[in-house]
Each structure stands twice: as C-alpha cells, then as structure tokens.
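In the two complexes that follow, chain A is the common piece, with chain B as its partner first and chain C second.
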Partner chain A sequence: MLKPMLISMLICLSVVNANHVLAQALPILSGVGGAFSAIDADGNAIESTEFSGNVVVLAFGYTNCADICPFTLGYLKRLYAGLSNEEQQRTRIVFVTIDPEYDTPGHLKGFIGHFNKDFIGLSGTQEQIDYIVSLYQAEYKPLSVLDIPTQNIRRVNPKLFTNNQELKDDKASLYSHTVTLYLLDKQGYTRSLEYTGTPVDEFIDKIRGLLNE
Partner chain B sequence: MNKSWLMRSIILLGLIALTVMPTLQANKEKPQIKINDFWIVLAPAVANNTAGYGIIKNDGGQADTLIAIECDNAHVMLHKTEINSGRAQMIHLHNMVIDAHSEVVLEPMSFHLMLMDLNKETFSSETDISLRFKFEKSGVIEVKVPVREPQY
Partner chain C sequence: MKSNILLSLMLLVAGVVNAASTQVEDRIAHATSLNAMVAMVMNWYGSLINTNQLIVFDRSQSTWNDYRALYPHAISHIEVMSTDLIKLNDDHEYQFTSQILIFYHDNEGVQQRQKLSERFIFYVPLLAKPTIKAISRDVLDDPVSTPEPRFDSAYFKARQFSYAWLAYLDGVSSMTQMINGDNWLNTARYSLKIGSLETTDKIASTLLKRNHYLATGGHLLRSIDVQQHADDTDRIMLTLIIEWQGENAGGQPVIAKIHQEIDIKISENNDWEVLAINEHHLLPDLKPWQGFLC
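Up next is the complex of A and B:
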C-alpha cells in the first residue's frame, strides 16, 4: 500500500522537477510576443489565441525571398519531420509574411504548402503585420529591386508587361528581415529564440520539453 | 661524332626548355577558372525567384574577376546574405574577385545566385539551365546546371 504511494509521489516529484528545470532553461521572455489577429492562407480571419494548447514555432519571411526563407522553411520541414505524429498534432509551424501586399493568402498557401501542407502561412493588412512584427521585436526593411544598381550583372531577357499581374510581379520588393525562430509554449509565451543554426535535435528537445510541460 | 651529336642534343633541349618554360610559367600565372557543382533550387510553383549555388574555383596563379552572369531563363544577380543581430540582409555584389589558388563557395545563407523573374515554363527538374559566367580575364564560361529539390 505504501510502496505504490511512494512511487506515485516520486513520479510526481520528478515531473515537477523536470518542469522546473525546463522553466529555468527556457524562461518566459517577457516583452517578446503576444496576442494578435491575422488572415490565414485560406483567407479567414484568425486569432493567435487559436494556437493555445499547442507549441508554436513562428518565423517571419516573404515568398519573393530566394535564399533565406526557402532555407528556413527547409530547416523547419526537417524539424517538423523529426517529431512524432502525435507531437506534430500539438505543434504549429507558423510563417508570417512581412510582404502582405504581394503575399496574398492564396499565394502564401502555394508557397508554404510546397514545404509542408501542415505549415500555417499568415498574411493580413499591413497594420496587422506591422503589429505582429512589433510584438516580436522583429524588423524588416524593403530593399526595392529598382534600387539595386546592376551594372554588369543584369537582366538579359527584357520583360514585356502584358497584364497587370506581370506588372505587379515586377514591382515585388526584396526585404531584409529578422530570421529569428520564436519558440512559444502552449500558453503562447515566447520561451526561446532560435535560428537555423540550432541543431535540429536540440530544437526538437526544446519542443518536446514544452509539449510535456 | 657521338660527342658532337650529344652536344647538339643538349643545345636543342636547352632551346626547347627556353622556349617552353616561359609559356608554362605564363600559363601557371594565368587564372584557371572552374565552375563546379552548380545547381538551382526547384522553387515552389508560385515563386518568381529562386537561388543557385555551387563553387567557383581558380587553380591558376593570377586572380580573376567575375563581372557578369547571364541566363536566358531568368534575371541573374550575385548576392550575399549577411546576418547581423538576428536580421538577414541581402547584399548585392557588382562583381567578385576569385583570388589565385582559391575558391568561392556559393551556399545557402551566404553567397548565392539570385534568379529573378523566372521563365517558369523552362524551369523543371528535367531540364538543365544554361548559365554564362563572364570573367574579366578568362572570358565567358558556360555551364549547364541542374534544377533540383534542395537537400537542406
């Protein structure tokens, strides 16, 4: 009778201790993150509180990015693949565009879906995006194609603008932007700032720790 | 007779050496550019831009400068990703010096080819894309480059 009680107590203590260790290792980063509204890749309004109960990895980027964002999404694809099915169901990979004018929900869905259909692309009004960026103390800055002096390295295939879509495409801008990966716990608190240089196994351990909190 | 033949042979070899050595030396000092292992990222169907990676190697004894990259299927630029204080910035490069006996590696989050305004119909994993690298001294070097899914 006493033995099962002692074992139960020990298990409870070890869980409490593990959570305490994790809380120390991944303290809440106050001032980074918070509740926000956006538009999901299906064009529906979404509140960040809908992610409650799930661990979230949040990244900023845009679809005209050729090097950083595809690499980041490739990294997140590997990260997600390292989780079990059950862990995947309780984890959300969220990609917030910093170029909502160009990255419409449909466009974002096509881009993000190339990496993983489960990934969530968020767009919105410029005000919504700027608010999310400010919540996470992130930054972005347009770097217009037109501002780039090409000199010798230049286009060789002149483009004819036959319709408005092509004109819009050509006006698409390039940006510098924050590449931090924000790890949020099940309550939506930011617990860790990671980047694509974090070994995938190490990142997975942190996600698991938060899932088991 | 034999002595005379031997002398003539030595003189002849000497003359050959004098003729060939400067040429060999000059060749050694010339840039010797190789474009190795280049590939282009198979971008999502909706994307208008993508990146290219590979190695530009100079086995020669003199530096050379990459001054242009051309492609009939896209607008190509040379960029470098730099990360400062958690923010990534793309730096546009007008040219790139490849020093003697050195190489420049183009890889994700570093130097890369930025291919913009893709002619999407021509980009597939089944067709190689032709890239023309133009160097100040070595002239134009054309390579056929595969398009493939990245293995990040």
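Up next is the complex of A and C:
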C-alpha cells in the first residue's frame, strides 16, 4: 500500500522540484514581448493572446531571404519533429515576416507550408510588424540602408538585373534582421533566447520544461 | 522505516526549493544593503568636497563630526581607488573598505594629496536606512604616480542620488530624505514601458503597476551618465542602466535590464528635484550572439 503512494509522491515531488529548477534557470525576461495583433497566413486577424496555453517559439524573417530564414525554418522543422504528437499540439512555431509588403498572407502560407503546415506565419500592416519587432526588441534593416551590393546574393527567386534602377529597387527588398528565436511560456512570457546554434535536444528540453510547468 | 524514507525525501525536496528561495532573499538583502550603503558613502565623500557650495548633500551625519574634522580642509576632488564589501558575522553588519586619494589645497593654496584607507562598519536593517557604527582609518604612503584630479562633488552627487534612488526602489523608503523626495515624489511623472504595458502617472501609482512585474528583488547600478540640459543650465538628465533580479507578484523569477532617464531640476536652494522619470526595459544581456543581424 505504501509503495504506490511512495512512488506517486516521488514523481510529484520530482516534478515540483524540476519545475522550480527550470523556473530559476529560465526566468521571465522583463520587457521582452507582449500582446500584439497581426494577420495570419489565411488573411485573418489574430491576437497573440490566442497562443495562451501553448509554448511558442517565435522567429523573425522574410520569404525573400535565401540564406538564414530557410536555414532557421529547417532548424525549427527538426525541432518540431523532435516533439511528440501531444507536445506538438501544445507548441506553436510562429514566423513573423519583417517584409509585410512582399509577404502577403497567401505568399507566407506557401513559404511556411513548405517546411511544416503546422507552422504559423504572421504578417500585417507595416505598423503592426514594427510594433511586434519593437516588443521583442528585434531589429531589421533594408540592405539599401546598409549600402551592401545585392546582385550576387543567393535568393529564392533568382533575379537578373538589366539596369541600375532594378538593382536599387532590389536592395530595398532584401533585409538584415535579428536571428534570435524567442521561447515563450504558456502565459506568453519570454523565457529564453535561442538561435540555430542551440543543440536541438537542448532546445527541446526547454520546450518540454515549459510545457510541464 | 518506509515513512522515514518518505519524510527524508520530502525534506530533501523542500530543502532544494527553500534554497532557491533563499537565493532570492539574499539577492534582495544584498542589493538593498549595497545601494543604501553606497549612497551613504557617496554622500560622505561628496560632502567632504567643499569647493563647490552649489551642490548640496545630506548633512545628517553629525555624529561623526569629530572624525570628519580629521580630513584636510579645502578638498577639491576625491578619487575612490578601490572598495571592498564584507558581510560580517552579525547578519545586519557590513564592513565597507575604501582606499581614497584626497586632493586639497593647503593654506598657501598649493595643491596637496593624501591617501587613506578607511573602514566603515554599517548596521543595515533590511529595508531601512543603514547607520554607521564605527569608522577607522590608516594614512597610506603618497603614491609615486598620481592621477589627475577628476572626481569632484558633482560626480559624487550624481552617484549619491542614483544609489539612494535605487535603494528607495528596493523598498528602503527611509532614503526619501537623501533624494530630497518630499519635494518631488508626489509631483514628478513616471513613465514606464514594459513590453506592451505603457503607462505614465505619479510615482506611487506607476510603482504600484511596476510591482506587478518586479515585485521583490534588487536593483544593481550598471552604468550612469550625466548630461546637462542644452537649453537650461539648471536641468540635468541622469541616464541609468540597471540590472534587476527577483520575482514578480506571482512569485515567478524575473530578470530585467532597465533603462531609466531621470530629468532633474536644480532648485533655487540647490536641491535636486525630479521632474520626470522615463523607464523602459531592454533586452537583458544573456547571449553573445543576441545582437547579430543576418
């Protein structure tokens, strides 16, 4: 009689203890993130509060990015695949475009769906996007501002340039942007900053920890 | 036998949980003590510099007038060369040691130097203003190479005010006198931005909202910048970067990197009166790559 009780109690205590250790290891990062509105990949208005109750991994990027964004989404695809079905149902992978003019909801849906149909692409007005970027203290800059030559940059849709104006316009459609992956708990608090250099197993452990809180 | 094992396990887990809570409590006590004590030390040294009568310090340390008479007269600058803080066996006592270099003018107006090592024993009740229990000093050999005198009373005033303000934010309400709070705590505007929360209100009201996010913890000053207002010589802007660690109102661990701009008006009687405080929380410095753009 005492044995099952002992085992149950041990499990409960170890969960309580693990949660406490995790909370200490992943404190809330004050002022990073918050409530926002956006447009999802189906063109519907969405509030960030709709993610409450789920652990969220949030990334910034744009579909015209041929280097870091596909690499990041490939990483997120592996990360997501490492979760069980039940864990996947309680986890949201959110990709926020920093180029809402080009990344219409439909365009975003096609791009994101290439990696995983469960992933959520968010677009919106420029004002909405800039607000989300500011909430997460992220950054993005058109390459035209940085005066970086773009004609040799590899891209999803290769381009041929016939004149300088096309080159100039092209520079305005490419961006440098924050590469951070934000890990949010079920209440929407940012609990950790990660990137594609984080070992997938390590990242999964953190997601599981937050799922079990 | 089994119940003993059960009890031992429960105690073990409770111990781990309790140890983590104690870390937070230690942090609160440490930061509070540090801010309040350093404010008093800055006030102590700043008020020794008597070549600028336009900068006013707290004069509530008359108990030590005999000791203070040992310092040279006509001090123009003091350089704090090193400091050390030790918690003594009594839970509420700390020893603050400092090595300072005093620049002063002798009776003939010639600049002289004196190097001192001083030990302050502070009694620091939690969330109350510290008191100095004892002070001792050693006069050291004058250094062979001497830095230029740089740290005047304005330097110490900015730090005295900043540390006292942080001690006040930590909950040491008795620091009000040192920040001249009676003259502005009820009138200054305090703007706060934490994520999507943006509010501007009187100090007490803003602090109430802030306490939901930063309930119990300690502020540690990381940097300070003082700029005179371009159009008003009686206005200065203090910019502070502060690290905060503690718990929110729900008991969850929180860390913050806080940016505060404090707009200060120097009144006719040379007191500092805060007009407005602007605070927002920055991305904490956690990872070396977090500022990378690709």
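Note that in this section the second predicted complex is superposed on the first by the 171 of 213 C-alpha atoms of A that agree within 3 Å, B and C clash if a C-alpha of one lies under 4 Å from a C-alpha of the other, contacts with A are read in each partner's own complex, and residues count from 1 in each chain.
Going forward, a residue touches a chain if its C-beta (ideal position, glycine included) is under 8 Å from a C-beta of that chain, and two chains touch if they have at least 3 such contacts.
Because the structure is a prediction, the values reported are computed rather than measured.
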Practice task
Give one of first, second, both or neither to describe whether A:His114 is in contact with chain B, with chain C, with both, or with none.
Solution key: first
Exercise for the section: Could you say whether A:Arg78 touches chain B, chain C, both of them, or neither, answering first, second, both or neither? Expected result: first
Exercise for the section: Could you tell me if A:Leu29 is touching chain B, chain C, both of them or neither one (first, second, both, neither)? Expected result: second
Practice task
With the two complexes superposed on chain A, say which partner A:Ala66 touches: chain B (first), chain C (second), both, or neither.
Solution key: first
Problem - Which of chain B and chain C A:Ser176 touches, first, second, both or neither - result: both
Problem - Touching partner for A:Leu135 - first (chain B), second (chain C), both, neither - result: second
Exercise for the section: Share the list of chain A residues that count as touching for chain B in one structure and for chain C in the other. Expected result: 67-68, 139, 176-180, 193, 195
Problem - Touching residues (chain side chain B, partner chain A) in the complex - result: 41, 43-51, 67-79, 81, 83, 86-90, 92-95, 108-109, 112, 114-117, 119, 134, 150, 152
Fill in the blank from the handout: Within the complex, chain B is touched by chain A residues 63-68, 70-71, 74-75, 77-78, 107, 110-111, 113-115, 139, 143, 145, 148-157, 159, 169-170, 172, 174, 176-180, 193, 195-196
Fill in the blank from the handout: Residue set of chain C touching chain A in the complex reads 2-3, 5-6, 9-10, 13, 16-17, 20, 23, 193-197, 213-214, 244-245, 248, 252-257, 280-284, 286-287, 289-290, 292-294
Completion exercise
Listed in rising order, the residues of chain A that touch chain C in the complex are 2-3, 6, 9-10, 13-14, 16-17, 20-21, 23-24, 27-36, 67-68, 135, 137, 139-141, 176-180, 189, 193, 195, 197
